[in-house]
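In the two assemblies presented below, chain A is common to both, partnered first by chain B and then by chain C.
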Partner chain A sequence: MAETIPILEGRDLVQHYKVAGNRTVQAVDGVSLTLHEGETLALVGESGCGKSTLSRLMMCLESPTSGQVLLEGKELTALRPAALREHRQRLQMVFQDPYASLDPRMSAVEIVREPLDNYGIGARQDRNEMALSLIRRVALSPDYANRYPHELSGGQRQRLGIARALALRPRVLIADEPVSALDVSIQAQVINLLADIQAEQRLAILFVSHDIGIVAHLSERVAVMYLGRIVESGPTAAVLDNPRHPYAQALLDAVPVHHPRLRRRRTLVAGDLPSPVNPPSGCRFHPRCPLAVERCRSEVPALRSLSGGRQIACHLVSDSNN
Partner chain B sequence: MALVSATGPVDAEATRRRLPGNAATHVALGIVAVYVLLAVVSPLVLGDYISVHPATRLKPPSATFWFGTDQLGRGIFERTLVGTGNSLLVGACVALLATLIGGGIGLVAGYFRTGEWVIMRLMDGLMAVPSVLLAIALASLLGAGLTTVIIAIAVPEIPRMVRLVRSVVLALRQQPYVLAAISIGTRPAKILFRHILPNAVGALTVQATYVCASAIITESILSFLGIGSTPDSPSWGSIMAYGRPYFQVSPWMILFPGVFLSVLVLTINILGDGLRDMLDPRLRRGATL
Partner chain C sequence: MTAPVLQVENLGVSFGVEPNALHAVREVSFSLSAGETLCLVGESGSGKSVTALALLNLLPPRSARISASRLALEGRSLLGLGERELSHIRGKAISMIFQDPMSSLNPALTVGYQLAEAVRLHGPVSAAAARRDALAILDKVRIPDAARRLDEYPHQLSGGMRQRVMIAMALACRPRVLIADEPTTALDVTVQAQILELIGDLKADFGTAVLFITHDLGVVAEIADRVAVMYAGRIVEEGEVSQIFDDPAHGYTHGLLSTLAVANRHAQRLPEIPGSTPRILGADMGCSFAPRCAFAEPQCRTMELHMAEIAPGHVTRCRRAAIVRGAKSEAGHLAHG
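Take a look at the complex of A and B:
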């Protein structure tokens, strides 16, 4: 799989925001990601680690400080807005807040119709029908077609957001915490809908989440992010069963287990996520890491490949002590 | 008329049918309608309000002179009613000018952010010009008249509108639905008119009605100072100016135009709030269910 051209690739993406007082927020600091056709890559990490910034960068909704985004080998970050627009059809996004991402002044059918109008897909008079079939595809009743977002439930809104993203038949879908704003009972519906659509359309999905349970269910590969950097990545089953990076271990230990006898000994992480304004030197996890040694404070660990398609950024882990 | 021009084509009847509640707005709409009717009809049906009748000067309100007469024997009733047109016209034109020019500049400055700094400094400069002084300067340049009054009031209002619209647009362009529109390939101009403008209409409407109301007051001030309309087209401000020296003996010269002015300004302000609610689908109950 690694030999084929990735459908979506981020190379050394860096996003630093200037903030008041001439300081810099290092939201994303040297992240590379690859996403292959039909694959689901989950990006996990705690709040504030830069997941959303990374997904906006991959979506080309903001320009990175440095680094590139490539869609099917074509560098999008070098394109002017008008040229970029031609490539957007193949790269779509489902947003975190299903209410705020829908224009309150547009009805459901207008919202789904808009991408079709933008790219002149289908004959003008057929587009309402096309929009209605997309609405049906996401298991919404066409009776809701003339409703406004505020008249829909959270799950209905998010399904509308998915219908809009699917309207252009994209190859890649970036889903930025698509269910975190929904009730648990509704989350499963939306997740299953995404899984169905993926199977049907061979869609590649970059699934951003902080919910390990959903990630385990949905993704083939997972990348764990900490404070703007990827610390570990690999096949979902391998990473979740046997996390190697101390942060990934702590993150997984924090997941509730459904049976009390199965409860593991917890590696708890002390303290809060440090500020990305002035991140720790060396390995960014070292102030909270139970295993940190002197080297971790001074030297930034590179993301190294291990066997089994895994990658890790930690001085203390090598393939031998597997 | 003041309303429609300030907010674009609002079908008052359709808006009302969609909204069963909000009695205050309906009353306000009714009052404005009465004012508009008075402005249109009174110059046509009322008798002479220009020529001087020394025999009946300073008469108190009576069956013959409903609002009394002024120091030249002219009926205050006729002059006040005819003055309605002057006030409404100035209010509507200033609101329209400020909304179109100020709103347009604000949209572009806030969304495209090209030349934003220059535009905003220019606006700061314009905002420092007091409308009364500008009116005096313009009147000596162009001669007194309605156009002078409208320009003089509109110019300092435009920057206020620019600032408001720009700040609203700056907030709206960060909305996830605008990012979503970019990601589904909506072109910038369409984003501006389809997503940003409709969501800024509420703020624009409210500001336009305030501009309208304050323009009506400023027009009265200018007329009061004698910079406004010519004597043969009465204005509430000039009627009150004539009444000022006689206030203690014949207060009706100030009372009636003053009441007309206050009620109109209050009504327009109430209407602005009500219209914002009507134009917002989230606040418009029972809309399309």
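Take a look at the complex of A and C:
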């Protein structure tokens, strides 16, 4: 895995937005990540940590302040819009709100057909059939083909969003909280569908989520973000079972138990996420960190590699096998 | 068990006119004791929020029809009370907090003003005393720098802090019953953990009974004493939290527990519940969940069902309870291991 070219790579991405009063929101601040064929990388963190901005950067929906995005080794961030368009079809997105991301004036089959028309895929007269087969693929009945989004349930809408994303046979799917708006009994259906499609098409998935349970189930690797930076990453089971960064520990400790017998008194992290407008100096977690020392206030911890494919950005963690 | 603080028998809520009326809540009965947390669990459209709003008569009177054979607070019937009498009970004896604190706070008034208002509405207190009370309550819900926050507006607070203000306001009059409708759903997990702990501590301090509405089984596992599972407007199973998690006795409860992703992290596929939640039109026979149920047989759709007690305090509206109880739930299994 280490030697192959990643299918999608972000290098030192920075996204700063100017806001009123000549201030800057440091939404993403020096993030690198790689995604390989057939792999699911989960991006977890709380609201305001920059995970959605990062996924939009990886999707080239906005240009970064600095840094690069590479698709199969080709730098997308250097391309003009017309050239970028050619590559975009390999990179598709599924959104959180399946209602807001579907045109209410288009029927299901028109929604799935639109990307085929846009990219001139197949003969014109075959495209309806292609759209219908995609609709069947996401386990929607073809009876729904002529219905409009408002006539569909939340789960059905999200299936439609997935069918549209698959229409151009992408190599990478970026899914930003794709099931968090759905009921629990429906979430499992959509998660299983994504897993099946991934296995079938060797898709790489960047899965943005705050739901640790789903991340644990679906992803091979996980990256934990805090205030615009990755604080810890590595194989999902290793990170979730034994988080090393104090923030990752606090985040995982706060996840509700799944059985009343496992209740415990927690050591809760104090306070709220600080504003990304004026983030803390040094390690951005230091004002809330129970272990912080002077160095954490002044010096930004670099993301260092530990054994076992793990990376961590903390001055206080050394590589050991515990 | 002490005498129940809140008793609800055969609550029904419908919207619209027959034969097209939507029966959002049907035959809902439960009781709540002092210091107890009852979690009302269900998915969107199951009727859990409508149940809560009906208890306080907060549904639009033109469209909602509420019926009940008994609705009593500390033995006193709330049925047939006028709006004036009810408004004395609301906020004082029964308080409510909602999912979105921003839409329940007035953006044009300071936090201190709104808290003091809640204090003064239910007792003759001077403005200065009300402000002192407001400050004390903000401290109680662990808002840092409370004195400064009193003079701030809701938009200046974070989501977690706004929800603390709502809780402070709800507890200002030391209510007997707190109804919390998805109070942590919009919050991040670290903030959710803080709020859940806060509600637990306040319950212990004041002996408040809590009716906690949620769709999140993890939250239920954290805080519930008792659990009532709702589906398509009805309570389908109710019991102690350990009974529900260890010994689910309804096909829907069993299905919900097995979809808990945390419990299935090493499974190849997540167990699914097929189909989607139904719309609840006219009165129906049989079990509303039968079309999606892994344990159903044809009679489930047609035979009339009643709540049956299968263990002390554990009731279910499921013909196949014995079969469901025989099938081990994954969540319970893992917690033992």
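The criterion applied here is as follows: the second predicted complex is superposed on the first by the 312 of 322 C-alpha atoms of A that agree within 3 Å, B and C clash if a C-alpha of one lies under 4 Å from a C-alpha of the other, contacts with A are read in each partner's own complex, and residues count from 1 in each chain.
The rule is short, and it goes like this: a residue touches a chain if its C-beta (ideal position, glycine included) is under 8 Å from a C-beta of that chain, and two chains touch if they have at least 3 such contacts.
Remember, it's a predicted structure, so these values are computed and weren't measured experimentally.
Visitor: Between chain B (first) and chain C (second), which does A:187 come into contact with in this model arrangement: first, second, both, or neither?
Guide: After superposing on A, A:187 lies in contact with chain C but is clear of chain B.
Visitor: Examine A:20 and indicate which partner it touches, taking first as chain B and second as chain C; both and neither are also allowed.
Guide: It touches nothing on chain B or chain C.
Visitor: For A:61, decide between first (touching chain B), second (touching chain C), both and neither.
Guide: first
Visitor: Touch check for A:123: first (chain B), second (chain C), both, or neither?
Guide: Neither partner.
Visitor: On the A-aligned overlay, A:255 touches which partner chain: chain B = first, chain C = second, or both, or neither?
Guide: Only chain C; A:255 stays clear of chain B.
Visitor: Considering only touches as defined above, state whether A:150 meets chain B (first), chain C (second), both or neither.
Guide: It touches chain B, and chain C stays clear.
Visitor: Can you list the chain B residues touching chain A in their complex?
Guide: My answer: residues 175-177, 179-188, 190, 194-195, 198-199, 280-282, 287-289.
Visitor: Would you pull the chain A residues touching chain B in the complex into a rising list?
Guide: Residue list for chain A touching chain B: 56, 59, 61, 81, 85, 88-89, 91-93, 95-97, 100-105, 107, 114-115, 118-119, 146-148, 150-151, 161, 164-165, 167-168.
Visitor: Quick check: in the complex, which residue numbers of chain C touch chain A?
Guide: Contact set of chain C toward chain A: 43-44, 144, 158-161, 188-194, 196-197, 215-219, 221-222, 224, 241-242, 245, 255-256, 259-265, 267, 269-274, 276-277, 292, 331-332, 334-335.
Visitor: Given the complex with chain C, which residues does chain A contribute to the contact?
Guide: These residues of chain A touch chain C: 46-47, 153, 155-156, 183-189, 191-192, 195, 210-214, 216-217, 250-251, 253-263, 266, 268-269, 271-273.
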